[in-house]
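Pasting the structures in now, so scroll down.
Each of the next two complexes has chain A plus one other chain: chain B in the first, chain C in the second.
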Partner chain A sequence: MSLGGYHFDWSAVLSGQPLDWLLHGMGVTLELTLLAGVMATLLALVLLSLRLAGPRPLQWIGAGYITLFRNTPLAVQLLFWYFGGVVWLPESARNWLNAGHQLFGIGFPSTELLVGIWSMGLFTAAFLAEELRAGVRAVPQGQLEAARSQGFSQWQSLRLVILPQALAHAWQPLVGQYLNLLKNSPLAMSIAVTEIMYQTSQIESFNFHGIEAYAVASVIYLLLGVVLSAVLTSLNPSPAGLRSNRRAD
Partner chain B sequence: MIRFNNVQKHFGDLHVLKDIELEVAKGEVVVICGPSGSGKSTLIRTINRLESIDGGDILIDGHSIYDASRSLNAQRQQIGFVFQQFNLYPHLTALENITLAPRHLAGLGKQEASDLALGLLEQVGLSDKSRHYPSQLSGGQQQRVAIARALALKPKILLFDEPTSALDPEMIGEVLGVMKSLAHHGITMLVVTHEMGFAREVADRVVFIDRGQILESAAPQAFFSNPAHPRARQFLNQLLSPLHLAGETV
Partner chain C sequence: MLTKLFYYPVIHENLGYILVGNLSQGEPGGLLLTVLLAVSSGLIAILLGFGLALIHWFAPRWLQRGLWLLSEVVRGIPLLLLIFWLYFLLPMWLGRSAPDAVSVVAALSLFNAVTVMISILAGLHALPAGQREAAQASGFSRWQTLRLVLLPQALSHMLPSFVNLFVALIKDTSLAFIVSVPELTMISSQVNNREQVYPLEIFLFAGFLYFVLCSVLSLGAAQLERQLRRNK
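Let's turn to the complex of A and B:
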């Protein structure tokens, strides 16, 4: 196939070493997205409880965190943690991280990947926390009053009554944030995380078939995105009571 | 059992509860009525501290509800509250709405809590609706589930805040019927309502409140046949014949 004098050669991307690189990159992208996603989720729950139920100073810390991490570029945060963060670790820890280890039979993440997970987890947590808070605000005040009047503590009311409803309200925006996490992951190539885009540019410098490589990378992202979106949407916790307003009889 | 000692409350400049003195005996059914904005909802919401007070004290069984050595959540478990807007938990079925507190606050097992809830649903005439979500129930059915939920921890006191005001007229009867069936079985009931038929038939006492002050507290018979305070008289006239202009005397 030829277009404007350019000769397309898909085997230059889909065979041999370039294919190995791409498959490895896909694994790293998945690892980065999933681990950062888990970290962001846990941190977002902490931020949410700070903002909703914490004492004043902790509420301010939660709000300050969200302002800081939502309003600075992820690219800057990645470079900050990589060049500014890792040096604070004691030398023994840095040596240990750089040495390479096995964990459950698979390679322990490289320092670069760890910094990538860390940065993207912190960044995404701020967005998840805000989506969750919007979901909480959509729950009528009477729900909290009903729970407190029954004798539930603030925390029990949040866990048993408010959060399940908030999660149902916020689910689609939350899915969007996890998709953003996947689509932001190529920024981690700036700190040499060997994810899909890093491998793609390596193929480009290796055999100059960048167009094919970027096309294949786009298709991989598209497929990953469609699968992630479908899986998360199917996990929607909205209980039947919130999903429909149909009368049973 | 419940005693208000010179209770005061302000919303900004508005003196919403003024020098409230009220004693309610154990098992008594008291209807609280008055014009809208008179402070009657605020009055019952102070009993389980959904509203705070600025002065005076409220005692239950001789103990101040503000006694710091008594847990607020434990106190609230002894007081069932029924809201005007039902406030059922929409993500839970009728049964789960009722079992939530017994399971998480009283430590009942799943089966035990479920048996309790089914018994309560039967008591409010809704045994066949246990698996329905609130959105699948009519207003009257939702309020009956809400009453069953309020009974789930076997409270000593039941507070009703305009329980039928959000209902279509044809559903008011079923809710009042359930409330009537609960009266005079040991639970102390305070009911804010405009349903004067219920007051006349079920209440031991009617308390009339206007502009934050208790103006009259009398047996229903006396209150309806011969209200002592002119504002109570005016209120009753408006309520019983709404087409009369305010202030007009019969």
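Let's turn to the complex of A and C:
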């Protein structure tokens, strides 16, 4: 196949060493996305409870965190943690990380990957927390008042009455944020995390078949996005009635 | 000591370079280039996105499907990958090499144009159907209905979301550093490589500059939104 004088050679990407690189890169991308996603979710829930039920100073800290992390680029945050943040670790911990280890028979994440997960987890948490808060705000005030008047404590009303409805409101935007996490993951190549884009650049300099590599990478990302979106959408915990009424208010 | 926590002299010595790059040699860089990249991509994206939305509005079904597919692909792959694509394809299309900054602007423009198209269409479809029916019943043509009745209402609702899009765009210009365009992130990383021992100071300062730029605009967007809601 030839286009504009360029001859496509798919076997330069889909066989031998380049194929191994791409498969490895896919594994790293998944690892990065899933672990950062779990971390971001837990942190976002903490941030949300700080903002909703915490004492005043903790509410400010939660709000400050969200503003700070949302208004600076992920690239700068990655570089900050990779070059700056690692210095805060004790030297013994740094040496241990750099030495490489086995965990459950697979390689323990490299320092680069750990910093990638850490940075992307912190970054994404701010966006998830903001979507969750928008979901909470979409729940009518009367719901909280009704729950309190039935004798639920503030915390019980939040957990049992408000949060399930807020999740239903926020589910699609939340799925969008997890997809953003997947699509932001190539930035980790800037700190030498060996994910998909890192591998395509390696193929490009290995045999100059960058275009084929980008095409394959595009297909991989589109497929991963479709799968991730379908899985998360099907996990929607909200009652069917709420789901179809989402746009009613 | 405060200077132990944050060694300011390293910022002071490199301040000019961080803010404008090698501007005196005619090569703008740093914060200035970040703003230039964002503003030029933003303007192209608004115009192109507007054009795409108009085409979509009047287009036959097959063309609408094509535009939808384009937007799914452009927004479904990582923005960095889109930059790499244009980095390779632009020289092929233009028949000569293009500066790296041009491929970055092209990618950012395309990505945001598609987003603008989607939000304009969503804004138009969110208007009550009666608006269109009433206009057409009063003898307005399809074009007049769109231009005089629907667009003015839809656009005023969308203004805050365009500002937020621009904030995201400012942050996205930092991707340019992966293809070595000397904007703020690239320059900071260069200064960091040269100085070696002050990464915290350098990247905190870069983050601070982005933060000021983005949070001022975000606050403006929130203010605008409140005002629009009040005027409703």
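The rule is simple: the second predicted complex is superposed on the first by the 242 of 249 C-alpha atoms of A that agree within 3 Å, B and C clash if a C-alpha of one lies under 4 Å from a C-alpha of the other, contacts with A are read in each partner's own complex, and residues count from 1 in each chain.
One rule holds for everything that comes next: a contact is a pair of C-beta atoms (placed from the backbone, for glycine too) under 8 Å apart; a residue touches a chain by one contact, two chains touch by 3 or more.
In this text the structure is predicted, and so the values were computed from the model without any measurement.
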Just chain B (first), just chain C (second), both, or neither: which does A:79 touch?
second
Report for A:161: first if it touches chain B alone, second if chain C alone, otherwise both or neither.
first
First, second, both or neither for A:231, with chain B first and chain C second:
neither
A:185 in the overlay: touching chain B, chain C, both, or neither? Say first, second, both or neither.
second
In the superposed arrangement, which partner chain does A:138 touch: chain B (first), chain C (second), both, or neither?
neither
On the A-aligned overlay, A:197 touches which partner chain: chain B = first, chain C = second, or both, or neither?
second
Going by the contact rule set out above, which residues of chain C touch chain A in the complex?
73, 76-81, 84-85, 88, 92, 167, 171-172, 174-175, 177-178, 185, 188-189, 192, 199-200, 203-204, 206-207, 210-211, 214-215, 218
If you look only at chain A, which of its residues touch chain C in the complex?
4, 6, 67-68, 70-77, 79-80, 83-84, 87, 182-187, 189-190, 197, 200, 210-211, 214, 217-218, 221-222, 225
Inside the complex, what are the residues of chain B that reach chain A?
48, 50, 73-77, 79, 81, 83, 85, 87-93, 100-101, 104-105, 132-136, 149, 153
Using the touch rule from the top, collect the residues of chain A that touch chain B in their complex.
140, 142-143, 145-153, 156, 160-161, 164-165, 168, 238-242, 244-249
